[in-house]
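Note sheet for the following structure.
Lettered A, B, C and D in written order, each chain numbered from 1.
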Amino acid sequence: MDPTLVHALQHTLHLVAQTAVEVTPAADTAAQVPLLDVAFYAMVKILIGLGVILGTVSYTVLAERKVCAFMQDRVGPNRTGIPLTNIPMWGLGQPIADALKGLLKEQFTPNHTNRFFYILAPMLAVSPALITVCVIPFASLTTVTLPFEIPFFGNVIPKPGVIADINVGPVFIFAISSLTVYGIVLAGWASNSKFPFLGGIRSSAQMISYEVAMGLSVIPVFMVTGTMNLSKIVDYQYQHGWLALPFISPNPLDFATLLPALMLALVLIPAFFIFLVSSFAETNRMPFDLPESEQELVGGYNTEYGGMRFALFFLGEYAALIMSSALLVTLFFGGWTLPFEAYNNLAQSWGIFGIILQTLVFITKVTGFILLFIWVRWSTPRFRYDALMDLGWKVFLPTSLALIVVCGTMLAGIQHFGGGLKAGASAKEKATAIVADVSR
Amino acid sequence: MVHGREIAYNSKVEGNIILANLDASINWMRTHSMWPMPMGLACCAIELMASGGARFDIARFGAEVMRFSPRQSDVLIVAGTVTYKMALATKRIYEQMPDPKWVIAMGACASSGGMYRSYAVLQGIDRILPVDVYISGCPPRPEALLEGLMRLQQKIMTEKSTTRQLVPEPALV
Amino acid sequence: MANTTTTFEQPDALLRTQQALDAAPDVPGERLTLNMGPSHPSTHGVLRIVLELDGEVVTKAIPDIGYLHRGDEKIAENMTYNQFVPYTDRLDYLAPLANNVAYACAVEKLMGWDLPPRGQAIRVLCCELARISAHLLGFGAMAMDCGAMSVFLYTFTEREKLYNLFESLTGARFTTSYTRIGGMTRDLPPGWLDEVAAFIKQYKPQIEETDKLLTRNKIFIERSRDVGVITRADAISYGITGPNLRGSGVDYDVRKVRPYLGYENYDFDIPVGSVGDCYDRYLVRLEELRQSVRIIEQVLAKFPEGPIHVADTKNYLPKKQKVLTKMEELIHQFILVTEGLKAPPGEVYFGAENPKGELGFYIRSRGGGVPYRLKIRAPSFVNLSILDKLLPGCMMADVVAILGSIDFVMGECDR
Amino acid sequence: MATTTEAIQSLQSAFAGKVGAAREFRGEHTLPVDREIIADVALHLRDKLGFDYLADICSVDNMGDEPRYEVVYEFAQMSAPHHLRIIAKVSEDEGSLPTISHVYATANWHEREIWDMMGIKFDNHPDLRRILMWEGYPYFPLQRDFPLEGKPSDTPGEAFTRIAPLEGGPFVTAPAEHNHDREPRARPPEPV
């Protein structure tokens, strides 16, 4: 097995183990939550998260078909409603039918394939996107107490808004999601067929090159917020305005906080665009869907896959799309927060229901980005391979490097000229904080 | 298969009920998720595209997911004249589709050779593939294709989904 | 010891690399042979191209056609002239009306007939509507090949409106079989011209919408500009016709050079490209849509009255009403239908400017109602013959863009 | 840019003795030439006379006549309405004539099609393979003695043909010179 893969997995396991048992050092009731409860609620959150993601995936597919139909003056699926009946229900049963049909199709393994990797590839393609769910904060981290008793376990939930609150969230996501490429490359190679092979080659080149730009373009975010912990990034955005929309902060008329935020937005908005476009490339979405480009490579890497294995690729692709949207929201659009203090403290006042409401707000924001992804898919032509590489290496990479330099200069300037302006901690403190976080 | 065999008090009845429900549910999802493999060969292909267009919108039946890879499709829509040069390629594509699979012969040429009684044209794909639905017309209007699709749905609803459908494939003629 | 000087030849680095490459054996497996088609989403039917790829770059392309060869020419030899009209529908099945007209004109040339003005006007209308319909699908499919799915659906919506017009004119959406030798199956239905005028009126802004969607689209331009360049000399030598030829800068249009059906009376321009790449071909098609609209407007402005078919009562079907009531007409119809018209011996070639290019019919007659030999000069067949020269050097993604921009129909190519 | 009549005169003087008399029908001029000089005629037409456009090449099977085949070239000009048809006769024994695909690139596929459909060979053709039918198909379908319904053939793994059923339809008319005593009828498939 690939040593990097092993290493990444080991590291991941280490981190997860570390964070799952870790208790927030903040002075609240969390410190008293027994370890068993932490594990139990982590499990519950994982199950709910998986369920939500899988459900969202299938309905994202339906949304895609419906939105595309809307854009093309069509109706879209509208006959498939409640199972076993002929009640149409606006086609809401379509994902159920599609998924179950895929499950019961003949699982055919062509004779010319490399059997082991052929079967492994769809699993590799789908799991990374699902794993990354665990670090995305979808609601407040304030410990809440359930209004009812749970048998065998306590009813205090530590950190209800995230499955694993680790200090290197984005890095973890990049590390895991870059494993998706293994699934696709293996699928292309193991199929032992030419169209998938070309698709696999394309995707390996594409995803690896855009990962670089993607990773570099979020560094300004870390520099500004001074942390690599996703929930702290969200907290920062709640206090100082969303990174891509600095006006949306609790006190938008406070000049002292708005001015540095606006200046930083000059860097952060281009960074956001690079990150957005790279997300398109990372998730193999139009206009970058070269690995499976239907008109050229028939189905690309998944040409030889049918039935449930193909559905897994589908699932992985859409899960990656959802995760990219969630990451975009978390990094640049304030995560689950809204600029109202009462809303952000809902966990204290409403308990678990506040958490649910915040989660819904988060899902709404994510849906907005999903719709953006769909909208772009049905309106643009596809890039050509060399143009795609040019864009990644010749435009995005230098730009994001330049953005880091500009961002550092700006931060230094803000700190030097406007010590009174609350631009967060000083650069040195931040650097120490990041290093401390990572090395922990 | 369980039905027809005594296991307990009167398992025949119960088994049938269970299987009937299972059949119905499996058939329900099969009918509502038919992904076509558009085998666009000639004129009929244009009407096949038209049925995917805004006016007829085959997507209403959940059948707009035109997968060009046979491994991912359920219904082979043979739209157009199958020549002898193309015949074995068509058969191969059919063979690459995973079970359960169905075939729609769209138009006169695919059904019977149509107006092309000549040295180069296969006189109907039913000489090499088992066909489930024949659609008349040269080319059939998109409405006719949708009707054919609905007839196929009806046909699937009557199938025993729990048994493998072994359709005797016609010998190469 | 005598000094000897040995001169070492030191070629430069590039040359050395090249020599090393030349010396290396051509390892099988270095190049990938990719079989594209006959069932592939962007080969527009059943074209098959065997590509040899070096990475993503095509080094060799061998087109393989004939997967839709139905024996039209052989069938034609076994039929009367009128019986063959339905087969012409299925040549270029994106513009059946234009094929009907071209075939009828060819046989009429053999007969030495001239259509009365109203018949000509109807045929011009048919041709231009068919051209709009074919070009709409043409660049819709090209956009789809480049990945822009929605454009294709938009153009298809417009085509559906055209299908409505065709249906009320001929009774069929698609396979129209509208012309007969010496006339048309029937005169225009009442109010049809107003429908055409209404269509044209709502259609003009639609052209601009397509224009907005594609013409300035950065990705589309990147995909099509300087891709698949056909030089002027190549285009002429390969006998390419239609928008593909005009995209390469040759202003050859049968409607201008050898006018038929009174095309000389209409005022229209022939758009020509400057480079000959995919983008030029797309632009030429787009402009031809506007020119077709212009021609249709002129036809509609002064639509002639009068008969729609030739006056040769010996060889043209009598009116149905008379057939049902009069003995002579009944016999006349019977003889005409069973024996066909009495064509003189001789040979003609007639080329018409169809959406894909010059559709020619060469008819060799030995007299009687059946052609001795009927050869179809299919524009798609000729246009595709340049593929093995055009594709090498392109990338894999360019192949589909080029195929889309050449806009061929296999029904016509293979016949 | 020569007109058609000028072109005929020029050809007749350049290839005296090998060019037959021109005939005219419906405003089109046809010039029979000997089959050996067809490439030179094409070169002459393109370079000296401005016929830059080869519209079509067709083949005709006059079964029963000698020579049996005719190959019909349609030369035209891109910028002027002049058109000239050149006919070369090929007998069944000779069975070949020079290619003109080096003069007009478009002739490449046309000649392949003629070989495929009619069985006339072209000397020095760069790539004379079947084009519409597949390699291994044993017949030439456009020859007059080949029946419309075809003959059975089998190229294992590639393709096969069977006789199309013509009884009971389609009602096709048999071609004939005298067509008064003829009516549409089904033609039973010939015994194979």
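Some notes on this structure:
Following the convention adopted for this analysis, a residue touches a chain if its C-beta (ideal position, glycine included) is under 8 Å from a C-beta of that chain, and two chains touch if they have at least 3 such contacts.
What you are looking at is a predicted structure, and each value in this text was computed from that prediction instead of being measured.
Just count the C-beta contacts per chain pair and the biggest one is C-D.
Once CA atoms are averaged chain by chain and compared with the all-protein CA average, the nearest chain turns out to be C. Per-chain Cα centroids separate chain A from chain D by 66 Å. Chain A and chain B, compared by their mean Cα positions, are separated by 39 Å. Annotation: 48 Å between the Cα-based centres of chain A and chain C. Distance between chain centres (mean CA atoms), chain B to chain D: 43 Å.
For chain B, the set of residues that touch two or more other chains comprises 53-54, 68, 85, 115, 117-121.
Shared interface positions of chain D, i.e. residues touching 2 or more other chains, are given as 132-134, 141, 146, 148, 172. Under the contact definition stated at the top, the residues of chain C that touch 2 or more other chains are 40-41, 66, 69, 71, 74-75, 153, 157.
Pairs of chains that satisfy the touch definition comprise A-B, A-C, B-C, B-D, C-D.
Residues 25-26, 28, 30, 52-56, 58-61, 72, 74, 77-81, 83, 85, 104-106, 108-110, 113, 117, 130-134, 141-142, 146, 148, 172-180, 182-184 of chain D are the ones that touch chain C when the two sit in their complex.
By the touch rule above, chain C contacts chain D in their complex via residues 65-66, 69, 71, 73-75, 77-80, 83, 109-110, 112, 234, 236-240, 250, 252, 257-258, 338-340, 346-349, 351, 358, 360, 362, 364, 366-373, 375, 377, 381-382, 384-386, 389, 414-415.
Considering their complex, residues 39-43, 45-47, 49-50, 52-55, 68, 80-81, 83, 85-86, 89-90, 93, 115-121, 138-139, 141 of chain B touch chain C.
The touching residues of chain D, when paired with chain B in their complex, are 132-134, 139, 141, 146-151, 157-162, 164-166, 169-170, 172.
Residue ranges of chain C in contact with chain B, taken from their complex: 38-41, 45-46, 66-71, 74-75, 86-87, 89-90, 93-94, 137, 153, 156-157, 159-160, 163, 173-175, 410-411.
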